[in-house]
């Protein structure tokens, strides 16, 4: 077994160990055993850091891959299939090692942060246990080498998310949210499961590698539509987990959970798992499936952004921005900007975790005030939080010199290239939506920064009932009441070091130089070199489609290629782009011309993307300034002016209401109807038959009583009466007997005489 | 003596027997019937003599008159309180009784007379039968004799046992 | 060995018969010892079982007894019916992979049930005698290889069940008991007719006489060509298959024969619900696998699609009905209908994945549903109500109970890492892989969501949030200042007590272990199932 | 007239028949157990008369011997019967046989 495998197994099992220890013994340990969680995660991070170092830094090979598996279920010699085994295994490549490091790092930071944030909660120990099992499941997703085990950990992640969202289960809203999250994920999982089943039914294996190989060998027995369906169904898993439209509704509600959990699960890692999974199956997705994915991603990005601009809850804004950013990633995958999407996954994980932790710090400091309308002017009280939060905001908005800029730009570039290759028309909708969402992102983040940190504190404006509600939340939260809440101006103060340190680390990780030497081009960075776009196997699976695509794509290739060569000497950076493009081609000879074309076009569109996106971001930021800083436009008046739009956005496009009205009400009505059917029809028939039988039985019994039994009784009666009569004769008196005896004698004599007479 | 006188004497005894028997049956007084039974036995004994069974006649007198009748009288004395000796006893189902009496008697008599084969054969029993009785008793009928004596003994003991006064002395 | 494990409970029952009915504790302990001994025997059987031998039927060219294990075979009833020839019924028991798992399950659930019966106070003596009789009958059904013997055990099983529900049940117990009894009797009448028909159609290859041996019946070459159920008599074979299937489907219970189950469960006392859901339902599907399918493989081939549809109906219909229930126990009852639907679906797939999944699901459903009913019983003992809306916020007051309920509920909704998931997954894998049932599987997957819906919803309504105003318990502030929960007329421990933990924890451990590493049970199934699939596959049929 | 004057078998048979009838009448009708016993004695005597009459007119000893035994048995019977009657009297304070219907049970 490869040493990396051993290390990764250790990393995988350490959080589970933490879970087991804490769930059983947290009350016996000092400090409810939070040090156990932090320590174990620290170890896990150290080990994954070494894995990261060995794989990414030392090996520095895009094609690096070690795998190991063992037989989990052995179905023996199955007729028609042969010896059938389900294997469990671990695969380690660049992506895995990067994800490992990222997940363990953020998890470690969140553990650390939580020691401050959750201090004094009555289920403090259980909280860390849940964090442990979440980390375990997440690492399982990252490490697993086959669809079955990834599905298993997929569900386990859903469980831990369920447990953590509902951590304050006394709050009805939290209980609702956790249920909603789990069910929405389940809906997605069904699709994912069906997709897995389609692939299994063809190849009788779950392993990624074997599925790839079989598809590449064209062993897929069903029609191409089934393959597309498989791709889309598998993508449904991502839709559920990554909160893509139309299953995005659970993620904002999931903010009912503790804020560090939101940072860890619902911003950084779990929601990214969907993207990670789509990346794993990227090469078996047919072009049609990719189109669907791209459009869904674009819609999600745009819709979430429009919703985010009107939300007042600080965490909800971040939640919708998360949805929007996940939409970017999915969009990126859909358009074939594979590495860009994963790049954005990582960068987003860091700065979004930073944002959430920062918001958590603010909420903590303001005694569980989450409504931005009652904040303001916090920059003076909380400089550290302010600085890190702002930095992460810039990254999210995608301003240059930040990591977000690099990744988002790469995605948008890919989108433009994709649109070019696909021949424009409707496909241009995708980059357009992307850019527009970028603008909106800049706007609502600017709004948030302003509302939270600038201006004067508006806490005293808060209506009383809300105020008390805040207190209830506080009580339910059960945090320590060290500072006194009862005079009006809330003593806002900077948070303690164990909550500050994660903010700083994460903010540092959302700067550009971590990923790329060039602040303008992520393609120069190690990340996109290490995570090249893999060659699709589907084109090879159906050559006629590949040839057709080649026919379509060839002219576009010719159109773009000369421009690339001609410009190469002139513009160095463009040359670099071409070089990187060439390198990508060198790394993989893409058998599918369409894919090669898209990748090439994406690189080509790099600068177009930069210009447009920067413009849009500046537009958004300036708009935010105009509205909130200079107050040139009054947001409330504007809201009134476009009230329908405003309400549409404020009510999140009414998705919850729609689902409530259709699916939930529908299924409940169906359930009630079926129960009625069950009781009245099915059981009614049964009881009806029973009644009929009983009726017939009564008839039968009356016949029996009166006729059959009648005969018997009659006999008995006659016997009885005769007996009664005869009993009269039996007086018991000797003399009566003698009389009878002599009667007989006389009778004999009479007979005798008659004999004698004749 | 002449056959006429014997005939007359026979008819006297026969009448005595039958009438006293009827009286035994018909009277309501137990004492009367008991004493009239005495006369019946005497009459029967006389008839035995006419049947030239002298030994049996004597036995009849000794056993019946001396034994059974005394027993019966004792019974009467025991069962009927001495205070009212003339106690009447009830009669039940007289009608059936009388009808049957007529029927049985008539039937028996008719069958007697309707069967002519019973007319007397030539040889009859003559003289005293004491000797022959003793001879027969010790020879051919010795077993019945012994058995009947044992029976008698057992019966008497049993009777004594049955009729005894029990310990509690209530009679 | 098998005879011992079958008749051990009867011995215990006889011992109890001798114990004066005032000695309740002795009676309980005797039955508990018997159950434990049964468990030990089951473990010995399990260890000694050789999973490589397929069983199911006489292997071609193999011994006519088939590769069954722990076989005991003695002539039982030998009558010479002049006209019909000799009637030879055998006492013929043995196990293969299919039955050995069920034997283990039966022993396990019976032991748990005895512990759960500890609280029975009414006519303890009679209760335990009937209980032991029931245990013996169930075990006998699973090991019998002679159809007549199977039928005898099958019928014996009805009687104690009827009385256990009808005497120790809830307010409406007579109705439920009668319903259960008549339903099952209805089914078994068909079974008997088919049994007789089979007897006259099958000859023992060794003796040449007619036989009730299921092993002989499972070999198509043993059928007399022109007999009533012989190969030449297509129509009657279909009729017989349907009759048998209905007989077993009632026990499963399969829609539309399922309505006895909710009533029986709601009325039955907790241990009897545990037995009923844990073992008795399995007898239906076991009968299908052991008798119905191998005896009429070509009919099964023809009927796979219909069976699958019924399975899907069970899954979704049961789940939706559970979603609308107010009575917790009724909800669990409908959930077992839904879960037995998975078994039917897996069987209808007719391939190894599906059938292994179905049998594994039978085992897991046994353990998981036992857990569910025990937990329902726990709360019912305390609150004397099962109305879901009468609770709320229990989790903060009964942490252990809430934790175990969470585990059980999630096991029931098929969470990975718990045994239920693997069986459901295998069922879907099989059903989807088989062309016949693929479309059905795609619909039935919805059951996963509905299952999660009703379980999570009930979990939320009972354990999360705050106490409802009309809850079945009060909140009193204890001396330590914290709020404590107080049930009316319940003076025991608020959270789980030792006895309940000893019942539940083993089941939880089994669920987790089998969810992480299923091979201990799955490994015993595979060879038998593969053999069964060969028997059922048309390829083998065409060679007849 | 010749028939009547010469005493023959028939005379004795007639007497015995009458005695028998009277005895039966007593047995049937009288309620007093003692009288019933007397009736029985009458019947026995009737039988004896027949025995002796037949033995006289057949010239054999069998009738005589039988009559002898009958007398003995009659004695035994009388003793037993009286003892029984006395017991009945002891128990029921009455010898009325028409009230004794214990045979019914």
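Going in written order, the chains are labelled A, B, C and D, and every chain counts its residues from 1.
Note that a residue touches a chain if its C-beta (ideal position, glycine included) is under 8 Å from a C-beta of that chain, and two chains touch if they have at least 3 such contacts.
Values in this document were obtained by computation on a predicted structure and should not be read as measured data.
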{"item": "Dominant chain pairing [most C-beta pairs in contact]", "value": "B-D"}
{"item": "Computed distance of Cα centres, chain B from chain A, in Å", "value": "128"}
{"item": "Mean-CA-position distance for chain D and chain A (Å)", "value": "123"}
{"item": "Gap in Å, rounded to a whole number, between the CA centres of chain D and chain B", "value": "6"}
{"item": "Mean-CA-position distance for chain C and chain A (Å)", "value": "35"}
{"item": "Numbers and ranges of chain A residues touching at least 2 other chains", "value": "735, 739, 742"}
{"item": "Residues of chain C engaged with two or more neighbouring chains", "value": "none"}
{"item": "Residues of chain B whose C-beta touches two or more other chains", "value": "92-93, 96-97, 100, 104, 108"}
{"item": "Touching chain combinations (by label order)", "value": "A-B, A-C, A-D, B-D"}
{"item": "Chain A residues within the chain C interface of the complex", "value": "72-81, 84, 148, 151-153, 155-156, 159, 162, 166, 169-172, 174-176, 178-179, 182-183, 186-187, 189-190, 193-194, 197-198, 200-201, 204, 667-668, 670-672, 674-675, 678, 682-683, 685-686, 690"}
{"item": "Touching residues on chain D, where the partner in the complex is chain A", "value": "24, 27-29, 36, 97-98, 100-105"}
{"item": "Residues of chain A defined as touching chain B within the complex", "value": "735-736, 739, 742-743, 745-746, 749-750, 752-753, 756"}
{"item": "Residue ranges of chain B in contact with chain A within the complex", "value": "92-93, 96-97, 100, 103-104, 107-108, 110-111, 114"}
{"item": "Chain D-touching residues of chain A, taken from the complex the two chains share", "value": "730-735, 737-739, 742"}
